[in-house]
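Written out below as structure tokens is the structure these notes cover.
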Amino acid sequence: MEALLASAIGLLAAVGIYLTLRLRTFPVILGLTFLSYAVNLFLFTAGRLAVNAAPIVGTTDAPADPLPQALVLTAIVISFGMTAVIMIMAIGGHLQAGHDRIDLDEDKA
Amino acid sequence: MRRLFPHPYLSLTLIVMWFLLVNQWKLGSLVMAIILATIIPLATSAWWPDRPRVKRPFALAAYAILVLWDVIVANFQVARIVLFMPRDRIRSAWITVPLDLTSPEAISLLAGTITMTPGTLTSDMSACGRALLVHALHAPDPDAVRDQIKARYEARLKRIFE
Amino acid sequence: MSLALIAALPFLGALLPGLMIRAGRNACAAATGAVTLLALILLALQAPAVLRGEIVQTRIEWLPALGLNANFFLDGLGLMFAGLILGIGLLIILYARFYLAKSDPMGQFFTYLLLFQGAMVGIVLSDNILLLLVFWELTSLSSFLLIGYWKHLPEGRQGARMALAVTGGGGLAMIAGMLILGNIAGSYDLTVILQNKEAIQASPHYLPALILILLGAFTKSAQFPFHFWLPHAMAAPTPVSAYLHSATMVKAGIFLMARMWPVLSGTFEWFVIVASAGLITMVMAAKIALFKDDLKALLAFSTVSHLGLITMLLGFGTPEAATVAIFHILNHAAFKAALFMTAGIVDHEAHTRDLKRLGGLRRLMPVTFAIAAIASLSMAGIPPLNGFLSKEMMLEEAAHVAWPNAWLVGVLATIGALFSVAYSFRFLAHGFLGPVRDDYPHKPHDPGFGLWAAPALLAVLVVLVGLMPNTMIGWLLNPAASATTGRGIFTNIYHWHGLQAAALWMSVAAIGGGLVLLGAYPRLRSLWDATPRPEAKRIFDGLIEPLADAARQVTDSLHNGRFSRSMVVAVVGIGVLATLAFLTATPHAPGTRPILPVDPLVLCLWLVLVVAAFAVPFLHRNRLVALLLTGVVGLLIAPMFAMFSAPDLALTQLSVEVVTLLLMLLALNFLPKETPVESRLPRRLRDAAVAGMAGLGIGGLAYAMMTRQPAFDRISAFHWAQSKPGAGGTNAVNTIIVDFRGYDTYGEIIVLGIAALVIYALSEALLRNPAVTARLASLPKEREAGDRHPMMLVVATRLLLPMAMMVGVYIYLRGHNMPGGGFVSGLVFAIAYLMQYMASGYDWSHARQRYDHHALIGWGVLVASLSGVGAWAFGLPFLTSGFEYVHLWPLEEFELATAAIFDLGVFLCVLGAILLALASLSRLALRTGEGPNTTAHDLEETR
Amino acid sequence: MTPALDMALDLFLSSILVGGGIFALVGSYGLLRLPRPMQRLHAPTKATTIGVGAALLVSALDLLGQGQVSWQELLITVFLLLTAPVSALFLAKTLILRGEADPDIPDSGTGKPWATLAPERHDS
Amino acid sequence: MILPYALLFFLGCLTLAFALNLWRLFSAPTLTDRVVVLDTMTINAIALVVLYGIWAGTGLYLEVAVLFALTSFVGTVAYCKFLLRGNIIE
Amino acid sequence: MNHWIIAPVVLPAFVAALMVLTLRGHLALQRIASLAAIIALNAIAVALLWSATMHGPEAYFLGDWPAPFGISLVLDRLSAMMVALLAVLALITTLYAIGSGWDAKGAHFHPLLQFLLMGVGGAFLTGDAFNLFVFFEVLLIASYGLMIHGGGDRRTRAGIQYIAFNLVGSSLFLFALALLYGVAGTLNMADLAAKLPGLPAGDAALLRVAAVMLILVFAIKGALVPLQFWLPGTYANAPGVVAALFAIMTKVGAYATLRFVTLVFPTDLPATGTLIPAFLLPAALVTLAIGALGILGATTLPRLAAFAAIASMGTAFLAIAHMTPRGTSAALYYILHSTLATALIFLVADLVSRRRAHLRLDAPAPVAQNGLIAALYLASAVALAGMPPLSGFIGKLLILDAWRDQAFAIWPAVLVSSFLMLLGLSRAGSLLFWKPSESEAVADPAPQEPLAVTAAFALFAALIALTLAAGPVTGWLDGTAASLHDPAAYIGANRLEVAP
């Protein structure tokens, strides 16, 4: 099972990085989303895997590590906020520049 | 009373729903359910300005059971068509269902029923709201389907709501 | 204290000119002069002690940790230089008062001048080489301002920059040299360093220190090969040239060599470097001076030449030669300052400094001529003027140098002197002698007393020192020389050394040769003009401009705004470093933790997830498809979490994913729907390789970590154990979020709140931009459905909205004990509202909403903060929670936890943030040409 | 519970599950097999819903068998019944608008066009 | 006890269904078809979660299913609205 | 329990929330509230500085949960110093923003500013690694808002890159934190310091990767090569006053690096050893070189300022990489100096931008109030190039002195880059202020903004104060550096407990 999850994390990260290397804002944002999927799962695995052991008192004696779960919650929320902001920035960039290329031409500054 | 409970049926539904959610039959839950079933419809009443009239609430329950049964049957029929009927023998058809119903809630219920029952699917509504466009998966006789819709469902809804 | 005051006075006084200029130019100059005079008086008060051979010291701690202290000391050398700087400074101030035009900002000028003066005085009084460095670089800076004083002259700007580049750069080298020196001596105090000659010269770091320090000295004193900046600095107003380039700044390097002479000189390295640099400079600059037409350029190269002479003398390394050097410093300062000032007067009166356009001034400006004659004859080394005395002694010293052979130095020195005679006479002959011309740009005549007083005084000194050197100057020269050489030798200066003195014949040869050279000047000149020469400015530009261009190319090509390239570099950099860190460690021990058997459910999810994710890079150009696939992946991660015992995560992931998708769909409305192919296949392959390697690494890390048994007990054991008894909840994840680590959550909801504010602010800015609104109105539209708000959706929503809210409340209430909580609840509410907005439109729905999104966020943060601050009332830290089991009929027993209030803050903030973000986007959408919606659904109006 | 009753329940639940599984599969299979887009819409809206319904029923009964009453399954069912027709309607409208539905759409008979194809209404 | 086998059978059906969905997701001729697939997949995922609940013998994951039901609807409508009108919130 | 420790976090959050809630649309009131809060923050910072100096490290246990289970804030000399620096910079930039009217150019300037202060202050004070991540995000997202304040094509698009780069950074941070927790089972920094020496050798490889990733995260914030790419575009396109405020943000990276390399990954930790300085040193040198070259090659004043910021970070990291109390003390002094100096040059760039037709360095345009602005530019240039008499020179001397054991490698790099900066800064200055208008165009009338100019001069004054007080300041910093390299008191303040 660990191998399944590890390979999924690796794939999500790879897809994320590939997309962040694109030249338009939208795929880059998707890439960042994928990267955050990978990160969240990775952070989750820091607690090691456990099946049928939700950390709720009274339902189990050997709970899954609750702390990484709490950390992932925080990470999910934060990456949501970030995604929302970069999305509106992408809109703003497109509406102002007339295109959605991510590169800037610094020499034309 | 009307001010406090803008949508009494909604409030009732919510009370039931609360019990479905909390999974326990206790007085405390009921109190909580009543509080919520009062507050939430009040808070959302602005988005449901008119109040649908339900003349025969028990007929509505009967209608629900009828539809549920039809849903199950419908699925067997659809499964049969999907699995076994040769593709070129499937006779799909568009059906126009003129509406006698006028209340939005009733029309919506009818449209939903059509979708969930045998081989039919509500696909659109006329811009004036007086006809439904229904797609039938396999309807060698489209008019019969239209008549069945009107007789089996619309007529009942008409009695319940209008 | 008083020494520090002498150094500080000019700096403090630098504020005065700016203030006094309002009272007029005389007041301004007077104030400046008063400051200088006061400093001079303070110096004079110290003089008797110094002349008695004592050393006056002032020590103020500045940065003792480093050994940089405001330590000053005054010995003979310092006294001589300080006197020179302040004395000539006084004359320059007088001169400048009359020299500067009405349009020149005099306040600025005197401010810069005093800054410079202070820096110079600081150099010569420093008893700490780090402090000396401070003043050293300050002279570079203030002279930069002075040289560039006439902003409108391009030469001024160029010259100033060149001077700063060369002298400032040399200063940087000197920093290194001084630090080495200090480290060898164990102190940065000069008085200590001067005691450590043996240790320093024996150190293996002696040579680098020497070279670095000499770099500073040579650049400042314009020694070969750093001589080129000085002539270009002549674009400065003449008072500046007279001050900086005769008496002060260029002498700073000389001063430093003299100051360091006791510890650095006497070695073969010192001799070779210093003496040769001086000798070459002397001869070469003198030759160039001869061919300069600009009076100031001629004087400038002459200055370079004389500095070379002094340097050479110091380089000889004998006390006698050093004494001569000190003597010549004084002499040169006197005649050269006078000459610069006369050149300035000529320029001021005739409006030109070009020797080719001058001549015959002798009759028109007799006073000026007299001064010029005395000074230039002194410069030529004609007896009995002071220049003669020191030059004669110089030639004598040169004649006795036997390296590399018996005569080379002597001959070269004579040639230098010969050129010196020639250009001095040329200055006089071509400028003042000859017939009066009728084509001066401006008819010249002698200026007022104010302008010639200063040079006249100097000329008088030139004569007096020449006539009675020992009386006039011996009292100062001897202490200065002994301070330099470290011995109490007292030299008597003679005019006549006897016929057997080599210097006599060398001098005769120089004067004769010089006159011959002047006679042959026209022919030599045409020869000179025909010879191609390296031009300093062009070389400097040829170095700096390409350097700047190269720098620009390097930086611009690195920082060209190409995001993907910087990203590749970053990813590869991170990957390489992480890999190196992994590989260079003690080998990773493979995990010992038992592997979980594969669950078919997880396998099923995994398959779907992997396929969907893998397809994204191939299908991403169609953005809606890419979004669909992303949605699939994101939604499938939720059950994945559920199956690995994280129901809270599943709930959160799910609801966040939906809101994210909705936001992205909203955004996609404003963006192109397709991504064009812009990168070629090799690039895509490169990106894929980079991404693949990174993914491999991350996956590998995950596997390595997951399979290893944790080495220590985890802190979460505490959370688990205390969840119920300590925090009052059975859901350990929730108690961590609202209690154990509530502070993280506090930050997290603020992140969300800020995100919404940012979104709002940007949409506001966009809407105020007419170009944006125009573009919004003209966004390409595909065919659209005729109904905006289909009735069926509206009716379904009327039921679903309250139901969803009910679910939200439920999730909020149970969160502490079961999966859920304020955050998910907020999201569920937000989704409910989103449904409503989708069904009936934003305007219609929002018009019926009784509160403001901003307020929700504000309340959320406030409530969360207050629930934290509340604990202070009980003397407990921020976010300490309490809980109590309450029984309140008819409600069943329930738990009242302050954590629930905190969670309410979370709820409000989340809801407000999402709604505000949506509202902002909807406001943009309003400008796409659609009017606001006024009905709940499309049919309401038609029926 | 008696073993016999237990056995009966087990058998009953298993058969529901098997049926549900088949329906879930049929829904997805229909997506592939049915040739025309409008036809494909029928399969998931119905069959898949029944599949989920079966799982929910089993879940409720299974928990009941363990002595827990669970009503949330009912709630999920209500949710699905409420939402599936709306989803289907929107999917159908999308097909119609984009010209992907069967083209022989009849007249509405009311004198007004079908809402999806109607010219856009402009609010004041 | 044949329930576990029935569960496995159900899971097998779901897996196969997912596979068909994915196949369809890539081979679908139109965008709308892809949205249909998404809708189907989310409903299948609900079944999977419920199934897991039965498997694990706990009701802990039913909220996940409730939320799934709610969100799958919102998602499908949003995609359709996007295709229908471009702007999902007007 | 000293509740003031949390004040730098809670106070700005409160004020920001109140502004959002009640003062929307009341700019004047927002200004008053913002300034009042910042003045209070300054007072609090002084009190904290005093407390940290007098009493040593002190922990604040949030939620009253013992460390390492809850989150603890730790006030020590370093965190107090950074908070004080933040407070001073905030005061000056806020005055400037008000004086120049920047805060009126878009919505929510003051709430975002307060949130930024909250984030930065929180990052300085926290003693928990994950909480550091959270507050990084707080400060980052506030910075996104401030960066694009006022809008505009280039600014927005530069903002996208800034965010995207930092989102990757945040991902990296989480990878590192996951590894740290996965290996050590704790997040409290003091607890990590206490536990990591006992880590089994088999976990060393994972820990090293975590350490490298973590430091690279800080390197992104600190614009260390090869992760500096985001900075020029961001700083050059941000509003001048925001860029000035951002001077503290790069220092957050330096701060965090310093904290972790002294507390969690000291050179005597067997697993990581000298791994971190081994790559920090070359990276710092290249960063310095890039910054210096950038100054020399800059085509606009804001871009020049941005590269000056990079160069200053290279210098600061150079000092950090020495990994001794001596180097750390130099680093701290340089951090103080370069924050003020970088802020000053950005304010100058902004002042120029409103007095000159354009900011290009290759074409003439007159500057109104030439003398005044030129004087400020000169001050910033002198400070940045490390020329006497301003504090940059002292900072540079301290760093050179610290590195004297490897003088032959380090000194030339520092001095040559100083030379390049000198060339670039003097070139830019002469082009900006000395180059006359060839078209004889008259400068635009100077905007009357005495408050803004005063704010810039206040930075200048702060630099002078830092120079004059170099003795006492370095003395205090020596103590701070010593306590950083002997973190027993820091760890002790956390009163670590053992899990049940």
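Here the chain labels run A, B, C, D, E and F in written order, and each chain numbers its own residues starting at 1.
Following the convention adopted for this analysis, a contact is a pair of C-beta atoms (placed from the backbone, for glycine too) under 8 Å apart; a residue touches a chain by one contact, two chains touch by 3 or more.
Remember, it's a predicted structure, so these values are computed and weren't measured experimentally.
Visitor: Going only between touching chains, how few steps reach chain F from chain E?
Guide: 2
Visitor: Taking the mean of all protein CA atoms as the centre, name the chain whose own CA mean is closest to it.
Guide: Of the chains present, the most centrally placed is F.
Visitor: Go through B-D and B-C and name the pair with more C-beta contacts between its chains.
Guide: Higher contact count goes to B-D.
Visitor: If every chain is reduced to the average of its C-alpha atoms, which one ends up farthest from chain F?
Guide: Most remote chain from chain F, centroid-wise, comes out as B.
Visitor: Hey, how far is the Cα centre of chain C from the one of chain D, in Å?
Guide: Computed from C-alpha means, the inter-chain centre distance equals 68 Å.
Visitor: Based only on mean CA positions, could you tell me how far chain A sits from chain B in angstrom?
Guide: 40
Visitor: Just the number, please: Cα centre separation of chain A and chain D in whole Å.
Guide: Centre separation, chain A to chain D: 32 Å.
Visitor: Compute the distance, rounded to whole Å, between the mean C-alpha positions of chain C and chain E.
Guide: For chain C versus chain E, the centre distance works out to 60 Å.
Visitor: Would you please write down the residue numbers of chain C that are in contact with two or more other chains?
Guide: Residue numbers touching two or more other chains: 556, 559, 561, 563, 567, 571, 603, 643, 647, 668, 698, 701, 705-706, 710, 714-716, 719, 741, 744, 748, 751, 754-755, 758, 762, 765-766, 769, 784-788, 790, 792-793, 796, 799-800, 803, 807, 818-819, 921, 930, 933, 938.
Visitor: What are the residues of chain B that contact at least two other chains?
Guide: Residue numbers touching two or more other chains: 17, 21, 23, 111-112, 122, 125, 127-128.
Visitor: Using the touch definition from the top, which residues of chain F touch two or more other chains?
Guide: Within chain F, the residues that touch at least two other chains are 130, 134, 137, 141, 144-145, 148, 151-152, 156, 158, 161, 164, 168, 175, 178-179, 181-182, 187, 232-233, 299.
Visitor: What pairs of chains are touching here?
Guide: Touching chain pairs, listed by label, are A-C, A-E, A-F, B-C, B-D, C-D, C-E, C-F, D-E.
Visitor: Please output the residues of chain D touching chain B within their complex, sorted ascending.
Guide: 22-23, 26, 29-30, 33-36, 38-39, 41-43, 45-47, 49-50, 68-72, 74-75, 81-82, 84-86, 88-89, 92-93, 95-96, 101-102, 104-116, 118
Visitor: Would you pull the chain A residues touching chain C in the complex into a rising list?
Guide: Against chain C, the touching part of chain A is residues 1-30, 33-34, 37-38, 40-42, 44-58, 63-74, 76-78, 80-85, 87-92, 94-96, 98, 100, 102-107.
Visitor: In the complex, go through chain B and note every residue touching chain D.
Guide: 17, 19-21, 23, 71-72, 74-75, 78-79, 82-83, 87, 90, 92, 94-96, 98, 111-112, 114-116, 119, 121-128, 130-131, 133, 135, 137
Visitor: Spell out the residues on chain E that touch chain A in their complex, using ranges where they run on.
Guide: 56, 58, 60
Visitor: Chain C touches which residues of chain D in the complex?
Guide: Per the stated touch rule, the residues are 79, 82-83, 85-86, 89-90, 93, 97, 113, 115-124.
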